[in-house]
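Quick one: the structure is below, and I'll ask about it shortly.
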Amino acid sequence: MRIAVCPGSFDPATNGHIDIIERSALLFDRVIVAVSNNLSKQPMFSIEERMALLSKACEDIPNVEVDSFSGLLIDFAKQKKATAIIKGLRAVSDFEYELQMALMNRKLQPDIETVFMMTNSKYSYLSSSLVKEVARLGGCIKGLVPEPIEEEILKRLR
Amino acid sequence: MRIAVCPGSFDPATNGHIDIIERSALLFDRVIVAVSNNLSKQPMFSIEERMALLSKACEDIPNVEVDSFSGLLIDFAKQKKATAIIKGLRAVSDFEYELQMALMNRKLQPDIETVFMMTNSKYSYLSSSLVKEVARLGGCIKGLVPEPIEEEILKRLR
Amino acid sequence: MRIAVCPGSFDPATNGHIDIIERSALLFDRVIVAVSNNLSKQPMFSIEERMALLSKACEDIPNVEVDSFSGLLIDFAKQKKATAIIKGLRAVSDFEYELQMALMNRKLQPDIETVFMMTNSKYSYLSSSLVKEVARLGGCIKGLVPEPIEEEILKRLR
Amino acid sequence: MRIAVCPGSFDPATNGHIDIIERSALLFDRVIVAVSNNLSKQPMFSIEERMALLSKACEDIPNVEVDSFSGLLIDFAKQKKATAIIKGLRAVSDFEYELQMALMNRKLQPDIETVFMMTNSKYSYLSSSLVKEVARLGGCIKGLVPEPIEEEILKRLR
Amino acid sequence: MRIAVCPGSFDPATNGHIDIIERSALLFDRVIVAVSNNLSKQPMFSIEERMALLSKACEDIPNVEVDSFSGLLIDFAKQKKATAIIKGLRAVSDFEYELQMALMNRKLQPDIETVFMMTNSKYSYLSSSLVKEVARLGGCIKGLVPEPIEEEILKRLR
Amino acid sequence: MRIAVCPGSFDPATNGHIDIIERSALLFDRVIVAVSNNLSKQPMFSIEERMALLSKACEDIPNVEVDSFSGLLIDFAKQKKATAIIKGLRAVSDFEYELQMALMNRKLQPDIETVFMMTNSKYSYLSSSLVKEVARLGGCIKGLVPEPIEEEILKRLR
């Protein structure tokens, strides 16, 4: 059985994230979406809320489960016996940062591979922070995030 | 009549900004320089000061006016009946960020176009924050910003 | 009256090209689509055929006309009294090449501006040469080029 | 069973290619290395020779086989019932070109995914054409290609 | 005698930094490693500690000395009668930022040249902040920084 | 004595090339401008002509001499006892290609360093091939190449 870890802050998950998770689920037997417990950023949603929103958004994909991690991603991946780490790519700057992280992770754990998948081009401009900024300034975020997440964002900002 | 909005933080305007505004004024009937009231950054100049400095720097260009906005740029542009948003481009990372914003703005308002213009290559290394850093550390900023803005920066730092 | 020149090889025009031409027509009073007579490449369509296909594809946009040029683009633009040259941007390498050409054109003729517009992200992977390659290898090109151009390509390859 | 296609010209295969093939073999049940029969380039090795050299270089990886294709890669992948196309990434320009091809392939066949893997950083500068150029000019190519391929290249150039 | 300044935050120095310093020492008669006293970041090591760690790491390179600066780098370089500023390059985003700084420095002081050297590809993913993050999260940093620096980082984090 | 090799096709040398050569001459005791005898391109000027034009353009820089090479650059550099290879950088794609070549050269000869210098931003769009293309199409190339080279190009095209 091949297991992949799909990590991120997911604060909150966008349709771009969901798109990558769905594609990953076709390539691996089991996909563990791993929410990073990164304390350095002030999140809009707590880690439990982010996990709950992701679980709901992925509930129809049978081989996907949601988890969280707080140490090194590569240690989490090893503990979960993952074969691969999956990252979505949008733009060149994404690629360079992801390349840096993937090379560091390879140094730390050579037998876990990082694989990159392309975000759907219709989501190429999406990021969690841009979605939150648009919502904060009163813009419409319909179609950018799953519907229940849209509702939660709007509730927070009221 | 075709109206364009030229947005930015302009904290303060550099000669690179003025160069783009001057070129824009040849392409559109009316150019509205729109100072962003972005509270997340601690500015050197208040929004009123930034507007006053820009107005002075552009006083010889008849079809340019200076305004400010605090919500979504695209809502401001719509309210002003703008046909286009104008952005100056310097480097690749500029381009990617601007592409992301332009795609988001197109999603939010498909009938307002973002057009990109090249900064003069002699200003290709200029940014407001670099100018402020150089001035703070005692470097000469002559030729990087309009003269009245140079004086104001030096006054602040004394 | 502001005139813009929208240059290219258009061998043949793709839906990405048509998208940029349509957007340009909203920003300028008159848009001259300028087919480059670049002899160094072996084209699939003659310059007359490329012009005819473009004219058909743009026949519903009243302020667009199709022309050709064989010398320097900037000389053609000047002769047509153009205010601007319009280029569509897709990727970073596009941007760098276009920046180089725009800076050279500014040196040759400082009063004609190059403006860049974003290709629709759904056409971000399109190029004339990729379309021809896909068609040559038997792939479906529906939706990538205007319908009459699709038919012409298939006719050539039979 | 998940099958992946790993395409390329492989004229000849470098250690960077072999590295990607080895990693792919850990992620998929079966990896089909697909040599492109691209007639537009004048190859150093015939398609049969390239396949034979690759077969020898991969003979110790049980789930890898070598094949060739002459039409669209995506048609070959479909015919082989592949789940994924695997591409190695080295640099930013690689990434952009590969992104373009991946988006076109997704348009042609939405249910076959392109996944990207990082070339080992010690091979980040390698390409078949650079290896051939170095060998032609008398440079040492030991460590850049598998040993039997090194011998074949030197034999050709004598 | 040709003097070069090799600036950085060095919080702390990595093996990538030491690699660039060693290479620089072969190109110039005297290399001054210049630790930036940039107060805007909260450093892990004080400027004196960073200088001491660097001095130890470079003690075997006879023509290298360690110093610090707090104003403009270019003023420090001028005061030291430097011919050149040396910067290591890793990735494209590095290059763009460094190009911007180099152009600004050339404007401020046209007779001091910025020269760029390639970081060893085996250190291409290294940065001081990534090393600190890995160490904080319990990852092994052996081989990423000189041994005495590794010990100091671990001591701090205990 | 530190010797640097500054390689290129120089078909013909542009003001951007001369700018880099002049700067190099301040950093090294002796600079050998090395004209590549690359037979795969059809040059406008023979190797002897290119050397003569360069010699004339550099005649006022005492520590610069002009030579040619036909094998591997790194072998030429070694034979000349060079410490460094100097390359001018303009754009990101330049950087990636040059990085690839530099890494290959380091593999072939680890003790010769490649150093990169920034082209003056006023020449950032210049290349030999663009200059030739502009001249062929009747554009003015004054200020893009040294005056005697301008005359030679125009003579060829008459």
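Labels A, B, C, D, E and F are assigned to the chains in the order they are written; within every chain, residues are numbered from 1.
Throughout what follows, a residue touches a chain if its C-beta (ideal position, glycine included) is under 8 Å from a C-beta of that chain, and two chains touch if they have at least 3 such contacts.
Here the structure is a predicted model, which is why all the values come from computation and not from measurement.
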Touching both subunit A and subunit F: give me those chains, sorted by label.
B, C, D, E
Contacts common to subunit C and subunit F (chain labels)
B, D
Superposition of subunit A upon subunit D: rotation angle, C-alpha, nearest 5 degrees
180
Same or different residue numbers at the subunit D/subunit F copy interface, by half rule
different
Would you mind telling me which chain pair, E-F or D-E, is linked by more contacting C-beta pairs?
E-F
When contact pairs are matched by residue number, over half of those of C-F recur among E-F, A-D or A-B in A-B
Just curious, how far off is subunit E from subunit A if you go by their C-alpha centres, in Å?
34
Rounded to a whole Å, what is the gap between the Cα centroids of subunit A and subunit C?
38
Can you compute the centre-to-centre distance for subunit B and subunit C, using the mean CA position of each chain? Integer Å is fine.
30
Multi-chain contact residues (two or more partners), subunit F
92-93, 96, 99, 103, 121, 124-125
Can you list every touching chain pair?
A-B, A-C, A-D, A-E, B-C, B-E, B-F, C-D, C-F, D-E, D-F, E-F
Subunit B contacts subunit E in the complex at 91-93, 124-125, 127, 130, 134, 137-140, 143-144
Under the definition above, what is the set of subunit B residues touching subunit C in their complex?
2, 23, 26-27, 83-84, 89, 92, 95-96, 99, 102-103, 106, 113-118, 121
Subunit D to subunit E touching residues, read off their complex
92, 121-122, 124-125
Inside the complex, what are the residues of subunit E that reach subunit B?
71-72, 74-75, 92-93, 96, 99-101, 103-104, 107-108
